[in-house]
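Below are structures written as structure tokens.
Below, chain A partners chain B and then partners chain C, in two separate complexes.
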Partner chain A sequence: MLSLSLFAVEPRGTGDMGIVIERANGSILIIETTHNSQLYRVEGLGDLSHASAVFSRDERYAYVFGRDGGLSKIDILAGTLVKRVIQAGNSIGGAISQDGKIVAVSNYEPGGVKLFDSANLELLADVPAQYADNKQSKTVGLVDLPNQHFIYSLFEGNQIWLLDAHNPKQPVIRKFTDIGLQPYDAMVSNNGRFYIAGLFGEEGLALLDLWQLDKGVQQILPEYGKDDPKKPVYKMPHLEGWALTDDYALFPAVGHNEVLVADRHTWNLVKKIPVHGQPVFVIARPDGHQVWVNFAMPNNDTIQIIDTLNLTVIATKKPGKGVLHMEFTPRGEAVWLSVRDEDKIQIYGTEDGQLRAELPALKPSGIFFTARAHQSGL
Partner chain B sequence: MLSLSLFAVEPRGTGDMGIVIERANGSILIIETTHNSQLYRVEGLGDLSHASAVFSRDERYAYVFGRDGGLSKIDILAGTLVKRVIQAGNSIGGAISQDGKIVAVSNYEPGGVKLFDSANLELLADVPAQYADNKQSKTVGLVDLPNQHFIYSLFEGNQIWLLDAHNPKQPVIRKFTDIGLQPYDAMVSNNGRFYIAGLFGEEGLALLDLWQLDKGVQQILPEYGKDDPKKPVYKMPHLEGWALTDDYALFPAVGHNEVLVADRHTWNLVKKIPVHGQPVFVIARPDGHQVWVNFAMPNNDTIQIIDTLNLTVIATKKPGKGVLHMEFTPRGEAVWLSVRDEDKIQIYGTEDGQLRAELPALKPSGIFFTARAHQSGL
Partner chain C sequence: MKYLLLALLPVVTQASEITTQRQEELIYLLHQDCGSCHGMTLKGGLGPALLPDILQNKPVEFLTATILFGRSGTPMPPWSFMLTESEAEWLAVYLKNPKHDEK
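Let's turn to the complex of A and B:
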């Protein structure tokens, strides 16, 4: 007997899909990278400045974290908003657990982290970042870790909290105190071993070896930071954009027109690479052979490409005003750039650096491809 | 105006899907790893001993390489065989190009590599591995590389061929000769930089730095290989199963009950870890903190887990007779094992090492998840 069901959504593989944040319009574009086309626009997502996204482990759903505390679940196959909750007054990104069942959101106001059921966005736990009597901190640098953990930093609290979400309704917190002044962002190395927080209030970085927690937090790269108080910092660089190759960590200097290179094993500074402006994102192509860099105002019309074998700039491009974000296709043959002020996405081949295609987009900012579903530490 | 199309295939995300080779039955299972279930069985795929698979970049199609020279394209969403061609008499695996448009197959008989259009499996190019007048070699160790290249080794030819597939109908070959005697398998480091071929005819390994081709092939690990001619080698280990962590390469010794550890930067041997049998696959969990090892007969009922921080065995398990392959879920929370002689798949959690689920399967061998679509060098 033949049983035939009919479905209104067109079936397709979701491995080549992604979303583009349209920040001013409160919308996202759903796109695919095989033919470089837009599939849908989904609207009504609120304030999407500084918005970011993660994906369900089957690569069907996107979870979008808005600045206004909105958390939206989107069905990228159907191009529909499944559910939207306002979970805080001001938030700064989120993460999804290793098993895909828990979405965590990092909030400024009220400061703390909330855990949600990824199926229905119901609240599982509210973890205020209370670090002293009547003192609650903004939380930053939230990422997921193996073994159902999350980790994040407390800006005013000068702490790192490691959250065990095995029981998501009763998470267990391990606190690392006095890790340095005002952690403002963080990243985790690509195998989930090292958590590194940038410090706004002092120089250097705080490093926690997640495989050896009892060693506690170490200070690394003591020369890193805003060393000259007279020099303006146009935009604090993103730490999540650090490029980790086999040998080196390449990362944006603060307030200088330089990309810094540290040895990944000793964390000693190896080289300062002069670049076109104050770098914001310093992102490695998946094979690590190239690193692409964008810049803060007034140089945000330019990107540069660094060869990681010679640690030199090999190309400079002018995509247009307001290059805010870059995302590589999973195997690195192409990179998508949002060019906000020109209302477009540009797509470059990475081998020859040539422009392949453009797509219209309304003040695009973050670009996120579904392959992120398969990576930890985002 | 509402336009409604109806489709007979149920739409779903494909990021959590995969296939299991049922070698004796000439079939595959299509499975998903969120609920650990079987979705379809697809039959009629010929001789699947030593079969392997790659995925289209959208994670909708699997390309299965059979030992009998069969190349099959399967729609994993629909659970159907799209097309099957017999492209050689005896083949040993394949790869898919960075842009997803070309499927390459490595053949023993007639020895060489063929390129196919991934859309319709039409032949694009036939590249016989002719290394001297009237001498044609088996090809082994075929993998894809960034920038639309493939690379493979010639067993009788003692060569490595780098194939530029920018024009897939007229590929350009760069040949590296006298790389060592009888390369029998190969792997590429996870960023696509180092191609390493194992040598059957002598000790040591052949290494090619793909970022510095003019340096040519170097010999590394001169102590590696079958050093004692009296000792039986039950099964040549797979090089694709090498585990590369930040610091170390862990790999199976040939003919010894040891996992060898080399420094990834100097390639010096750091340690020999005693294990339960002759190792076959030595595979790192995605975060690199654990390495799982299976063994050749008569110890193929056992697996062991190595902690890569201390480089010691931390657990031994007896899943059952004929543990042939292991595949981690993309973020590493679970690992799937094929237990051939017991006609089942076992699924373990990697944090606690506990059995979570079992699925029936007919003499299962290779397990391949769709996240491979996003990785180079497979």
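Let's turn to the complex of A and C:
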């Protein structure tokens, strides 16, 4: 009887699918963006506050990185948990290698990065982030790079480490030291060339040209807020979601109600765009014409849209309290927002900015669509 | 049970100024927003863990001041822009002894 019912299921692809983290419930929703519906809920994934996910190259499996150090492999077609390991005491995120064979996890406690076999979640290597005598750093901003590399930053260590995973059981590390104080997150341009770490301990960002490593780390946008006292930061910004247009790179300012615009060739500051609050995510629509911004509390009920041609805010919306994350559909016709305090997902059309649909979700946070499988650096 | 245990706490005068609804808001803020650095279950993240056994040697006054004024050199911001002194103190007491939240 079971085989009969399996036969009855229509085969489908996963290119319009994704997951929504339900941070307080230890569960994820598996959703699809063609009809904007929920397909499954998968439970038992532990503490998912600040959880993130990457996808296998066939877009069938999601790897979810939980705050409690849990690494879960989920079959999104079947809606089932395939395997779950607790790989550290406290982790912050992860990445998948260019060939899809290695999952790397960035840990806070104990600090460092671990590499796993993406097929069976067996440990391949443990790379502690020791930066001084007996001092281990939290690691942040872990992303994948071309040529089987990963790269990440050391929050306390003020370093960037480039990890060569050609032999994943014996990775080779190249260290860049004194990159600036307290890198809190980082991103890489989608061609894999520029790695940029945001700094919390000083104003500015650390830039590494991965095509010219011997040039070393260069500080960009130094003292961007020197004329304006830094405000208290109630939510660390995220740099994932590199907002890159033909001419500009847009970044969240730390402790200022501004989005910073840098020339993407010289990296000089072009403009500070005044916005509604302290930006958390500054994310470009896939075509780069719009950038959507959400904010730290107490302004996290609002999002703004920036037109990247004239670098001005063109729309302000109030989706509700606790807008934590935004994810564009692969070609950008729609964007999904998690509205944590109202237990719902909102879906907007990006051409007219109109609300198209809502879905219930329990304290939703991160939203991740399968198209990420084919983008480097996420 | 909730009120009985609360009444045993030393700062009952401050705590009693905070309505039950506001207490629920503060607990929500603690787990959801403080939790973005300290972990939703307060086991730590970018910020340190805030579990009772870790905080047992930290005086309520110290925790209250940390909440209100932040810690320079770290990402801990001053919450005095959003919380009153008695609310910060209520949270400090709650952190050291969250048992009265158990139903």
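The rule is short, and it goes like this: the second predicted complex is superposed on the first by the 359 of 378 C-alpha atoms of A that agree within 3 Å, B and C clash if a C-alpha of one lies under 4 Å from a C-alpha of the other, contacts with A are read in each partner's own complex, and residues count from 1 in each chain.
Note that in this section contacts are C-beta pairs under 8 Å (C-beta built on N, C-alpha and C of every residue); 3 or more make two chains touch, one makes a residue touch a chain.
These numbers were taken from a predicted model, which means no experiment stands behind them.
Trainee: For A:47, is the partner it touches chain B (first), chain C (second), both, or none of the two (neither)?
Mentor: It touches chain C, and chain B stays clear.
Trainee: Check whether chain B or chain C contacts more residues of chain A in the superposed model.
Mentor: B
Trainee: Please work out whether A:108 is in contact with chain B alone, chain C alone, both, or neither, and reply first, second, both or neither.
Mentor: The answer is second: A:108 touches chain C but not chain B.
Trainee: Examine A:138 and indicate which partner it touches, taking first as chain B and second as chain C; both and neither are also allowed.
Mentor: So A:138 only meets chain C here.
Trainee: Quick check for you: in the superposed arrangement, does A:204 touch first (chain B), second (chain C), both or neither?
Mentor: It touches nothing on chain B or chain C.
Trainee: In the superposed arrangement, does A:193 touch chain B (first), chain C (second), both or neither?
Mentor: first
Trainee: Per the contact definition in the header, classify A:13: touching chain B only (first), chain C only (second), both, or neither.
Mentor: In the superposed model, A:13 contacts chain B only, not chain C.
Trainee: With the two complexes superposed on chain A, say which partner A:128 touches: chain B (first), chain C (second), both, or neither.
Mentor: In the superposed model, A:128 contacts neither chain B nor chain C.
Trainee: What is the contact status of A:376 with respect to chain B (first) and chain C (second): first, second, both, or neither?
Mentor: In the superposition, A:376 touches chain B alone.
Trainee: Show me the chain A residues, by the header's touch rule, that chain B contacts in one structure and chain C contacts in the other.
Mentor: On chain A, the chain B and chain C contacts do not overlap at all.
Trainee: Could you please specify the touching residues of chain C with respect to chain A in the complex?
Mentor: 31-33, 35-37, 39-41, 43-46, 70, 73, 75, 77-79, 81-82
Trainee: Could you list, by residue number, the parts of chain A that touch chain C in their complex?
Mentor: 23-24, 47, 49-50, 67-68, 89-90, 92, 108-109, 138, 155, 182, 184, 200-201, 232-236, 297-298, 322, 340-341, 363
Trainee: Give the list of chain B residues in touch with chain A in this complex.
Mentor: Within the complex, chain B contacts chain A at residues 4-17, 32-34, 55-61, 77-78, 98-100, 146-148, 189, 191-193, 211-212, 245-247, 264-265, 285-289, 309, 330-333, 351, 370-371, 373-376.
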